[in-house]
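Notes for the one structure printed next.
By letter and in written order, the chains are A, B, C and D; residue numbering begins at 1 in each of them.
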Amino acid sequence: MKYLHTRITEVTYPARDHALLRFAAAAEDIPAVPGEFVMIRGDWGCHPVLPRAFSLVESGAHGAVLVKAIGPGTQLLESMKVDDELVVFGALGKGYRIDDSGLRPVLVAGGVGVAPLLFLARELAARGQRPLFLYGAGTEHDLPLADEIAEVAELIITTEDGSVGEQGLITAPLQRALQDGADSIVYTCGPNGMLKAVAGVSQSHNTPCQVALEAPMACGMGTCKGCAVPIPDGSFKYVCYDGPVFDAEVIYGAADE
Amino acid sequence: MVPLMSERLRTSLGPLTLANPFVNASGTYGYGVEYASFVDVARLGGVSVKGISLLPRPGNSPPRTCETSAGMLNSIGLANIGIDVFLAETLPQLRELGVTVIVNTFATSIEDFVELAARFDNETGIAALELNISCPNVHAGGMHFGVSGAAAAEVTGAVRAVTDLPLMVKLSPEAGDIGEVARGVESAGADMISMINTIRGMVIDVDRRRPMLGQKMGGMSGPAIKPLGVRMVYEVFQQVSIPIIGMGGIASLRDALEYLMAGATAVQVGTANYSEPGISLRLADELEAWCSERDLTVTDLVGCAQGD
Amino acid sequence: MVPLMSERLRTSLGPLTLANPFVNASGTYGYGVEYASFVDVARLGGVSVKGISLLPRPGNSPPRTCETSAGMLNSIGLANIGIDVFLAETLPQLRELGVTVIVNTFATSIEDFVELAARFDNETGIAALELNISCPNVHAGGMHFGVSGAAAAEVTGAVRAVTDLPLMVKLSPEAGDIGEVARGVESAGADMISMINTIRGMVIDVDRRRPMLGQKMGGMSGPAIKPLGVRMVYEVFQQVSIPIIGMGGIASLRDALEYLMAGATAVQVGTANYSEPGISLRLADELEAWCSERDLTVTDLVGCAQGD
Amino acid sequence: MKYLHTRITEVTYPARDHALLRFAAAAEDIPAVPGEFVMIRGDWGCHPVLPRAFSLVESGAHGAVLVKAIGPGTQLLESMKVDDELVVFGALGKGYRIDDSGLRPVLVAGGVGVAPLLFLARELAARGQRPLFLYGAGTEHDLPLADEIAEVAELIITTEDGSVGEQGLITAPLQRALQDGADSIVYTCGPNGMLKAVAGVSQSHNTPCQVALEAPMACGMGTCKGCAVPIPDGSFKYVCYDGPVFDAEVIYGAADE
């Protein structure tokens, strides 16, 4: 774990309101597994004060994150240019625990949840697997990095408005996939509502499922106690260091609960 | 890089001497040990650990943080590991690392404050005890001690009676008259004052039509509150003769200089640690450079904006 | 554009009904007449004029303003033209323009507050009287009335006895217990509460090693203080049954909604007027659109974030 | 007087850290005399909260201001691009009262004080006069718009480091100019220290002098009472509406005071 005063080395715009920022980071600086994240803040003065959490899209000599502009922090980051300064802090948290028992990987992404799952899909490809990748969004403009995914995975897209792929929610192709009988494992990342639905479908097929949660964060490393999520037994888990990736039962309880 | 003991930066707070005036503020730096792998925590002026209570506390219902204009709210609820685990596991690590440890404690009754102090008094490796009589995020007690001079004096005096540790009392900006509270804790035997804790605020999520935080209100920190903290340090400096550790919104060298010039002998850095966990060391380096350009010491700066 | 009387936006504060909930805050909009050539001041919910005292006041030594993170300090010192000139010259213009006039008054003694109220009571064209018992920028009196329930009740009661004008009392965030002050002014006959006034802060010019403002301290306003104002409105709403006019940092529709949902029946806009002198009318238009999309009225929103 | 929600139509960089911003404004929107100013704020969120005061460089179908980046507000403005939004409020204050009794105009600018004086020089040129223009700065990079001035005035430059023009302060050529015996009038704008020195030299030659002051401003139009400056009789003048241009004696007192 490191914090770096670094600079943006490349910016691309993979979809409307999305930027892929790449920053200088020696290979040894940010070793990461898919699902791990960094806290990032630009040199933008007193507002907003807190850094923002972003999943790493890849590991290596450069860090890269996908930013969707939804509020003040992400708008500032999305409008940054090559050579702008960043403070980057990471890699943080616990990523996906990649199954090595031969289960078929099914990756389910919603919106910017695609970021860690592209990283995961590439890891799996590097291990010789070609995962099934279900990618859902509201509309065609919210599907960044779909081409990159198609290179390493079997891609199925759904949009709520039907502008690309199947019309509807991502749980429909997930139902179909898990019904085909193959022993699978689900890795998912996206809005909290979607995660819960994906976990529910997985559970109904007795399929293990790992969810990557979001929570408002300050420190990103377990010291502020800000990112608590309540779990079924009444205690709390901390997204930044117990997660962000959890086994679905830890968060939503086992089937009979 | 500032040497561990720079003559310019060394600052003396009565019974406590710090190698430099930058202490990381309670609740914003965990127990300090978490940062040891990438921040030279022994070089910090000190670390005020997350507020410790007799029993571990799970904290409040989430969401626990949200942002405000140039600031943030938190309603953590003093989630902490409790004194037993702290003494058994954390303090030995801090000693090992060579950290200047300020133990921030929290309780809802005088008896519990006294018990905490008595237990810490027996330990080695504690540079000072900081009483948080001003946390806005707990229902019972907590801030009540911090809003009146008499109540603050009572808890300070009771703790003073059981410990010889350097004693720092942390004041709340919500006191109607913070000078009165400061005088109260001074007269009851506090060695130092730290100020300010957070001030309660609320953000409403207008889409959900409900307060953003699970606890509805939270303590505000960050640059937004800096003018309050500087003003209060300036006021309290005129009313007490014990040293003051200033805080609230420090995120740059200029911010720290404002506090020192207002009358603080040292400062704490809180919210800014989240964006840059090594910020205190960077600011110490910048302060060393600033002072040496002008051939000044930290002590020369303390309260230099008072007067006229 | 909002019509002069939109059913959705009309808001009733006991004896005072406003066409829309946006009033420009005292001290940030002069006497209102200055803006008439380019803002349709009659369409504003109201204008609270610069605080008026018995005698004209020249104000404090400069600098009188400086900026803070997401806020500003001012130490104007209630510079104003005095009641004689106001009545002779300004009020007739305001009547002519059709402005809903809230007369903000300031004094350092109960007798002077009473004299001001008695004189305004005889005038036509005044929608309400606002007592500023909470200004931080004057040496004598001023805020003292605003920090204790008893003192606030005393001045409110004395003024109530001499006027039938709708009476609004403006509270200070520096009261140790703002709810107590609110209950005090309610029991003494106030019709409404406006809150919050500024909270004192200081900025130090580290180059000059002196406070930035001529008066050293100034009242902080702007977005930085919004969470304090919203929290306090939320608290006071639970403790009084008279209507509240909320303010502190309003600069957008969401900000105004936060105050309404916390419990304010109307709002005042202060510092934001400086960057956009017509902002209140823009926000009224935006609120009209927001409410009509959801088929809500302002009254439906008041205090809707309370509860649970 | 108007406030406009407008957009930047042109940005040029006449010197390091300086930008000349032009914004859409119908001719009737910002009629101005030299020395009048506008309050400007960009769409930059909650910090800084107050608009910033800038002298108009010209009047007409487009407003134009010269911005020197010295702090948060001017840095944000200096980095703005064509099409960015601005709220512009003006024209405000009382400008230079142009002498029409035949005195020789001597314009004395320090740094960004050049902005209203270029406007004035052009007005004088339009009236058939070719003023003497004394332009002082610390160094060669702080002399924006010098070429434009040379088109309409007789230009003398001084720099403190001697990198361009005469080395020294602007008061030296002013002394010489006022010694040559012609009946002159001095119009000046620049840092407060320079203004006082220029007023002193003018007074010692019994030459009328108009100074354009700066003060921290909030409203810019006389309502906040923020921009007070104390004058010799113990009362206050308000820079935004009594000024910014004052007869020097009003601010510094008459010779014998």
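Basically, a residue touches a chain if its C-beta (ideal position, glycine included) is under 8 Å from a C-beta of that chain, and two chains touch if they have at least 3 such contacts.
Chain by chain, the UniProt names read as follows: A, D = Dihydroorotate dehydrogenase electron transfer subunit.
All values reported here derive from a predicted model rather than from experimental measurement.
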* Structure fact -> Per the touch definition, the chains contacting both subunit A and subunit C are B, D
* Asked: Quick one: subunit B and subunit D, Cα centre-to-centre, how many Å?
  -> 47
* Structure fact -> Between subunit A and subunit B, the Cα-mean centres are separated in Å by 36
* Euclidean distance of C-alpha centroids - subunit A vs subunit D, Å -> 54
* Structure fact -> For subunit B, residue numbers touching 2 or more other chains are 69-71, 222-224
* **Touching two or more other chains - residues of subunit A** => 46-47
* Quick one: do these chains touch in a line, a ring, a star, all-to-all (complete), or other? -> complete
* Show which residues of subunit D lie in contact with subunit B when the two form their complex. => 46-47
* Show which residues of subunit B lie in contact with subunit A when the two form their complex. => 27-31, 34-35, 37-38, 50, 58-59, 61-67, 69-72, 74, 76, 79, 222-224, 251, 271-278
* **Complex interface listing, subunit B residues touching subunit C** => 68-71, 73, 147-148, 174-177, 199-204, 206, 209-211, 216-217, 220, 222-228, 230-231, 234, 249, 254, 257-258, 261-262, 304-305, 308
* subunit C residues touching subunit A - in the complex, by the definition given at the top -> 69-70
* Asked: In their complex, what parts of subunit A are in touch with subunit B?
  -> 1-3, 39, 41, 46-51, 87, 89, 215-230, 235-236
